[in-house]
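Common to both upcoming complexes is subunit A, partnered first by subunit B, then by subunit C.
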Partner chain A sequence: MIVLSQERTKRLVAVHGWSGTVLGLLLYAVVLTGAVAVFAHEIGSWSRGGDATRHGLPSTVHRHLEAHMGLVDPAYHAEVSIGTTDAGALRLSFQQPMTNPESGQIEDHAHVFHVDPVTGETLRHQEGFLRALRAGEAGAALERFLIDLHVRLYVPEPWGLFLTGVLGLAMMVAAISGVLMHRHLLRDLYTAPRGRGLLSDKRDRHVLAAAWGVPFSILLAFTGAFFSFALSLGLPVVAMVAFGGDQQALIETVIGNPEAVDPRPAPLASLDYVLHDSAERAGSQPRTVLIENTGTASSRLTVFHGATGGALTGTTHMFHGVSRAFLGEKPTLGTQPSAGSAAVSLMAPLHFGNFAGLASKTTWFALGLAMAFVIATGMQLWVRRRQESRLWQRFDRAVVITLWGLPIALLGAAVAFFLARPVGDPLWWTPVGFLVAGCGAITLGLSPRDPAARYRRVVALLCIGLPVLRHLTGGASWSEVLLLGQFEVLTIDLLLLISGSLLSLADAPRLFLRAGVLEPAE
Partner chain B sequence: MNTAKDIDEANRHRTMSAQMRWWLGGSGTIAFAILATAAMPLWLPEGSAGIDHIVFPIVLFPLTWAAAFFYVVLERSPKRCLLLMLGAIAMNGALIASAFVGGPA
Partner chain C sequence: MTGLASILARAVTVAGQAGLRATDPKRRRMFGLPARRRGPLRWVARGAVWTPALGLIWIGDLAALVIWMGAATVSGWGIACLTPALLDRTKTRIAEWLPWGVLALSIAPRRPVEDIDARFAEMEARLTALEAIAKPNPDRSEFATAGS
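Moving on to the complex of A and B:
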């Protein structure tokens, strides 16, 4: 129990309320999209009609790599990245740093090949700056849109990152002030909601969800603020003092200074042997491989593995590219293990909840939704206490519109993606769908009647309609995805259908009452 | 017995304190957090890999700001709060200035 003077408690109540209200609508948007973005990859896979099951890199990598090396200028051998595509093909990317005339910055220019892992046939060849090639992947439009919306609210860089960083700080303030001002936090964990529709009932639900979610809220707010500010503010500020403003020098120091290149030609060691060796050391199949200075005496292989066996982070192994000697495990940052590297490598799993597969992702998703609920009920409580003011009455309507409008707009983005996939450009139409559905939701919310029931029906309709639309626009059928073991497609379809049905059923008693089937007491 | 003048004085004092806290909690804490983050590489130990003094200021930025913010909110005396915050800002500013005068670390 934390005992504070009346004056300090008053200040904390004001800080708690204003921090959650002034930025509350945007905070709700970031938290809700963040909860959904936990499953961004699964949603992306669902939108593509299912991805191929990944079993790591095929054992024929070396042969396919050599066959494609001759197809590109040797300057592109400076760095070769090897991985797999969502469709299960081998992805070979030959790249070299080059000045992008559009941005004026040095970026990786690449020749990217998608290769059939069995036959070695080139399925696709792209050439361009990597950033542009990634941004142009139409199949990932929905997934990318979700992540962009969460990371920077679709505001241009670096302002979007500043905005979400400030929102992270506001959330941290709201959560910590909530802990400090509640004198009976442990008792609040077991508060039972009181009468239906009462202000105290709303408060009880707010306190109950907030009390259980406090550690998670602080953790997410802290890691989220770190991700937003690290590159947009922290890096330039530290580089200014410690490296005279040279951010590239800072990055090289943190990642590990590149070794001097020995340009003498030397054959690349057997990649298949190195991958096998690395898999035995890590206890899991490699996900990606990076080859630096390919074909020279100073060639080096970096092999990346995902997290396994309850570990929070994956492992990275380094091998000599010619002698295939194991050079050691590479930490996330620097060339040897350090507290700084360990701290940074914990940030991603703690923010994304992706360290224990579906179990941790589901927990993160559920806690994210609980946080969105806390923000929404917090705003409603704040407004209900100030109902006499016309300004707060308008804000109350804005809260209702945002609470329902955001899910409608997100579902609208998915509708637009599916409609645009066979006929147009989903990269452009997905955000347009979000905007159109959002505008529709705002229009619906501006009518004088309480819009909640209509919103519920729209969300229900969209939830039920999406799986049908996915199938009608060329998506795989349930029997096809079951045969291929692409369970995420089936799971998301079913979740949407169940959510839509439950929302439709919420209106059923009212419809029965209207039809005279039930008496009001029932 | 309090006169109307005393009450006015007390109200003015309360308003000024609230305004001081408002400015300190907003721009004051942001200035402090940015300066503290910039100055940290100058005194933090480098660690075994020689990167801790660069990485930790960036990792700790949100916590640095939150600590300063809650200090401003919870400090009983607004004057002490102002002095401490200005002192901390000046100290970090001086550290950064000394780094520029003596060349980057």
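Moving on to the complex of A and C:
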């Protein structure tokens, strides 16, 4: 129990309330989209009609790599990245740094080949700056949109990252001040609202969810703020303070100095042997491989593995590109293992919850929803205590519009994606669909009557309509996805249909609120 | 390993949390439930909540441990949200939906059924008393006031 003076408690309540309310609507947007974005890849796969099952890199990588090396200028052999595509093809990317005339910055310019892993046939060849190539993948429009909305609220860089970083800090302030001002946090862990419709019920509901979720609220807010600020602010500031503004020197210190290039030509070691060796050491199949200075005596291979065997992070192995000698494990930061490197490598799995497949993702999704619930009930509680003021009455309506409007807008983005997929450009139409649906939700919420029932019907309609629309616009049928083992498509379709059906039963919650059954306390 | 260990750990923890909810003194006071005598059940429940974490640390399954932490947070919240009234209504509903009488009887709430006759009798008595008070007055009837 934390004992504070009355004056200090009052101040903490003010800090807690204002930190949550001023940025509350945006915080709710970031948290809810974050919860959905946990399944961004699965949603992307669903929107594409299912991805091929990945089994790691094929055992024929070396042959396909050699066959395609001759198709590009040797300058592009400086860096070769090997992975797989969502459709299960082998992805070979030959790249070299070049100044992008559009941005004026040095970026990787690449020749990207999608190769049939069995026959070695080139399925697709693209040339351009990697960032532009990735952004131009129409099939990933919905997935990218969700991630962009969560990461930077669709505000241009770097301001979007600053904004979400500040929101993460606001969340931390609210969570910590909540712990300090709530005296009986542990004692109240099982204190449920009594369902009398009073203000105290709203408070109990907020406190109960917040009390249970506080460790993860702080963890997710901290890791989120770290990701927002690390590149947008942290890197330039550290470079300025410690390296006189030389970001390249900072990167070399953090990542490790690149070895001097020995330009003498030398054949590349058998990739298949190296991948097999690396898989045995890591206990899992490699996900991607990076080859530096390909075809020279100083060639080096870096092999990346995902997390396995109860670990939170994956492993990265380094091999000599000519002698295929194992050079050791590569830490995330620096060249030697360190506590800082371990801490940084934990940030991603703890924020994204992607370290153990669906089990961890489902848990992180539920935690995200719980956080969104805490923010929503917190804002409602703050407003109800001030409902005499016209300003707060308007804010109350803004809260209702945002709580319902955001799910409607997200579903609207998915509708636009499916409508635009066969006829137009989903990359452009997906955010437009979000805006249009969002504007519709705002209009619906401006009427004087309580809009919750109408919102519920709209969400239900969109949830039920999306699987149908997906199928009508050329998506795979359930029998097709079952035959191909693409269970994401079926699962998301079913989840949408069930959610829509439950919401469409307007009095579904009343199944449990029958008249005549009194609360024991009453 | 992560999957199996994680599911087992969560199941034991949920059972422990349910035990803690059932024996929580403040919660029982709030919902007007009779106080329980101090006994080993609360300690057993505490053990059930925390033992899985120790087990996961023992086997070194860090991923399962972190999933357990997140899942315990969500399940704890969900279990705490279940009020006695909501539980009773849920049980009644499930019992109504289930076609098997024996199972339905086994999960149907007992508390409201036990004193149902007494409650009906009390409500009827109150209704009679209210009817006696609110006998229609011909001078103040709806028709008379509507015309005035």
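In this text, the second predicted complex is superposed on the first by the 504 of 522 C-alpha atoms of A that agree within 3 Å, B and C clash if a C-alpha of one lies under 4 Å from a C-alpha of the other, contacts with A are read in each partner's own complex, and residues count from 1 in each chain.
The rule is short, and it goes like this: contacts are C-beta pairs under 8 Å (C-beta built on N, C-alpha and C of every residue); 3 or more make two chains touch, one makes a residue touch a chain.
Please read all numbers here as calculations on a predicted model, not as lab measurements.
Residue contacts after overlaying the shared chain place A:Phe162 against neither subunit B nor subunit C.
Once the two complexes are overlaid on the shared chain, A:Phe487 sits clear of subunit B and of subunit C alike. Once the two complexes are overlaid on the shared chain, A:Phe304 sits clear of subunit B and of subunit C alike. In the superposed model, A:Leu312 makes contact with subunit C only, not with subunit B. Contact with subunit C, but none with subunit B, is seen for A:Thr363 once the two complexes are overlaid on the shared chain. Residue contacts after overlaying the shared chain place A:Trp392 against neither subunit B nor subunit C. Note: no residue of subunit A belongs to the subunit B contact set and to the subunit C contact set alike, using the contact criterion stated above.
Subunit A contributes residues 187-195, 208-209, 212-213, 215-216, 307, 309-312, 349-350, 353, 355-356, 359-360, 363-364, 366-367, 370, 511-514, 517-521 to its touches with subunit C in the complex. Put simply, subunit A touches subunit B in their complex at residues 4-5, 7-8, 11-12, 15, 165, 168-169, 172-173, 176-177, 180, 221-222, 225-226, 229-230, 233-235, 237-238, 240-244, 250, 253-254, 331, 333-341, 343-344, 347.
The touching residues of subunit B, counted against subunit A in their complex, run 21, 25, 34, 37-42, 47-59, 61-63, 65-66, 69-70, 73-74, 76, 96, 99-100, 103-105.
In the complex of the two chains, the subunit C residues touching subunit A come out as 1-3, 6, 20-21, 24, 26-27, 30-33, 59-64, 66-67, 69-71, 73-74, 76-77, 79-86, 88-90, 92-93, 112.
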